[in-house]
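Order of writing sets the labels: A, B, C, D, E and F. Residues in every chain begin at 1.
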């Protein structure tokens, strides 16, 4: 966050299986499994609906209106990574388009999460390269100032350390610290196991009030029914 | 709006036929038919395009970050209802996901209008359960504080009384007071009857300037043409 | 910008071939070809994904909540035009719906760019009439106050002169002054010619760092790699 | 909310003593005393710091960009009233300036709460006429369309009925239904009586943890201290 | 707007007397006198209350995060000028602080209007150098990319030509084209002459309804009074 | 950031002298001295103008609408600390008022930086207890859910570790990592030493163009002057 002009080449990535598995649960379940922390702000939206990915974070810190470091980070991508791009000030410029996406995809990146803007979204959609961003903008950028690669960054309000697991889908983006990835995957699996049964009951007309045994605590809290 | 911890079980729903018919006209025509009032703010957006519903309002008042009352309101849903959820302060948390949607759908709800966030939007889309919300967010909620069910609420700037008719589509959400539902349906039908004819003329190249006889009032207002 | 109550009937439209050609390059490439100027703010979004148009600007200046001049501008549309609508204050009302779209389409308009709201978006989508707007809203408008047609306007932060070329797609909207249209089309074509080759190299795994010869300037700027 | 073109001349104002007393407690205490409801959105800000007023609501419903009804509501003002102005769509135009303020003040109004813009703020400050608004803007308005006076309105997310008590200060604006005014004044007085004692203890270094006996419930909830 | 890397040294400034006089009327009256056009968006706010200035515009076009051209524009300032700074994309960085203000003030500038951020606001306040901006931010900028000086710019939604008159106060910022400056000053003086008389009548309790003879048109529009 | 329900009692505070000294330079100079990083977003604004503080960070992580942990953090305050409060989701509720301020002040806190709302701002102003916040709101909060104290937090986009130095003034809020505090104070002092001389020159009419020797690089970049 505080070092500029530095590229860390050797980062410790989270457990591969956990990183790959977490996509299956989606960002909402993973966020719950972590204890309701780690979410990026809801202004981060996918450029097209339906993508759901997880992977290990490679981070890049950019300056407003300057995408020079996007080329530097490309070299640090390994298959299974997701690039997390933060900017030192609020910016909606289009830092990323179809050329960079071609490069990222060739390096094995699963997607991009950027707290700024992107462009060529029709091409990115056709390529199937998912991006979560705060804006879509044709505005180009320059290549003049050094940022950093693989330093801790704050992206859309969430701290991301290089190597953390990131889960992104239509509901948003959540970051799971590398050390918590395996435990979170287990907790998420447990949550999901319960959900199928609950869903069936609710579909059959059982009320959450009864299924979760809420009637008593609601009455204790003072809820009154009036006919 | 001012009572907390109360659930009204018996509400008077608007005329069923009117409530069911209004969807056909869409929110824009209904809003015009009412005299240009009753609209929610335009930040309320559908989670997927193409849904158009109308139905009778069942209301719920929530606290920020707390979705306990969503389970309470589920029990009050009758087939043909739309749940209108307001919050006592601005909040984008994800109050509602696929489990609650399963329950609401099983009870006969046609959709949800919520002045907060929702999650599991991919599942909701697949289920065909339409939601209009101010945000999409993975952020979970707690169950700690009582709100109310079937009290008047202000949702996205519009006052909604339990039993009112709500019309929601890609253009937005409008609330029709129960007492005005039948008259509004008639007025909307009249507006629509005129539109087919107008559309044909405009498609044939007739100008609105002539069709609506605007040339004279425009000239009277001082409009000048310069060659 | 400063004249109210005036309609200019004879405007000089940009070179037709350039105006028609520019759509092919998209707003991002055209914006780069112009030297990174001329963009509208990124809050301007298409009502449906996938449209890409270019054409000559016919402008209209509106007052908040008043769409009277939309009927006046309709008469000034020629085939190949795009209507650019500005408002004298921020407004999200729905100035434009399927009836006006029918009229605009009959006159040969390729689309609408409006710094306000539109409605009937499902119909507009079915008609294939693309619109870029700051909002979608059912809110209707009145017809009471004169604005102007074919005066210079500021739309979403960009100055548009009548007859300029406008390029709009999923990435945003860019305005090309009529006098620059031909040169911009040539510059854009040149940029695009380079891109196919670059894309192939990047897809083959060549890094932008090498392709653009960035390693030396990055080192000169002080970039450090840490293992 | 739904009637346009109507002025209700005879409204029932809340208990005068309660309406006059509530200013003393401020909007935060009154909001607590009501059970944490009735607040307007926090985007409503005073045009100058330090004013604290309460009074009985006279309401006016306006159209975007049209302040005609501000002159109509002036006649309905009685000494001790606060004018509450709502607009049928989001608007930041300057509906109100020093001339209207002179008129309102002459009629005995204590202030204005408007979900839109105002202007002449330097004059208003010198006059000591407090205004809470969503914006400050030089933009003028027209006088073309009828709204209503003394109908229920939704202002900045809060429902206000004519005759309700409104309390406004640097913290925001709260609306107290007329029927709850006396009870709310009593509850607020009780809250405040407790506060002086608490303040003295806290100033002496007593912790809220001890004064409110929070240590046990915090431990029960699982709070852990780590040295 | 479209030329980058250019400084126009000889611009034609508006009539000096008109440019100096307009401050007296304030932005609201001047905007009315021009026919309700020419305003910047209301997000432009003064960094301290109470300043009211007018002067001739010297313009500068900046890139996001780059204030190099602020030093270039300083040289073009003449006594009585106001610097109008636009940015090619939305940016809130602090482009301007006490050192540049010292320089601008030494050159005779009356103030700065910038569609971005400024810093050192406490110093600027003490110096009495007024600024209208969209943000206050400590964020520094670089000096890497050329913009232009004394080209037409769009600043906060308003087109400003070099030499135009700008009027700024607590209500906002308005731009008067040089060619309209004298006529606008006359029109503003006429408006103001009327206001003193109106103010006295309103202060004496005369209603705008009567003074402006609105009762008849309101009745004609259908306004109904209900007792 | 990821631990909930934990209070760290023993934190290592940054060098006291550096922490105390940094206020003198202000947030803008400190941010520059750090290399243009560490700033909170510019939406963080002081509740009153003129305060300038620095101190060591004590952090608290809150849930939306729940201020329970504010009482827990109070106990951890030592003289010279500034409380940094982050929330797990966006929230504008009024978490903090005059009672908590009395307690914080009694414990020796120099101020509060909170990524949410506060209330009783008139009292806080009179007490001289400075607060930087994203909102002012009367909205009260509950005490139901555990957060944490003295864990790393992301506050308004900036990572703050317990014990870091925070500098806050009218320009914004910057966080200096404890390990960088001394070096930053030295760098800031150096910057400031230069400024007095520069200010004198600029006040005497010397241009930044000459003082910073910019004419040559500007010409090299292609800047053209046109008479």
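One rule holds in what follows: a contact is a pair of C-beta atoms (placed from the backbone, for glycine too) under 8 Å apart; a residue touches a chain by one contact, two chains touch by 3 or more.
These numbers come from a predicted model, not from an experiment.
Hopping across touching chains, the smallest step count from chain B to chain E is 2. Looking at which positions face the partner, chain D and chain E present mostly different ones, since fewer than half of the interface numbers are shared. A straight line joining the Cα centres of chain B and chain F is 42 Å long. Chain A and chain D have Cα centroids lying 41 Å from one another. Put simply, the C-alpha centre of chain A and that of chain C have 31 angstrom between them. Multi-chain contact residues, meaning those touching two or more other chains, occur in chain B at positions 36, 39, 42, 63, 88-90, 92, 137, 139, 145. Every pair of chains meeting the contact definition is listed here: A-B, A-C, A-E, A-F, B-C, B-D, B-F, C-D, C-E, D-E, D-F, E-F. Taken together, the chain A residues at the contact with chain C in this complex read 5-10, 48, 68, 71-72, 74-75, 92, 94, 97-100, 102-103, 105-107, 117, 119-122, 125, 135-140, 143, 145-146. In the complex of the two chains, the chain E residues touching chain C come out as 1-2, 4, 34-39, 41-42, 63, 88-90, 152, 154, 157-159, 177, 180. Looking at the complex, you find that chain D touches chain C at residues 63-66, 88-93, 137, 139, 142, 144-145. Residue ranges on chain E touching chain D, taken from their complex, read 26-28, 31-32, 36, 39, 42, 45, 49-50, 52, 169-172, 174, 195, 198-199, 202-205, 207-209, 212, 214, 218, 221-227.
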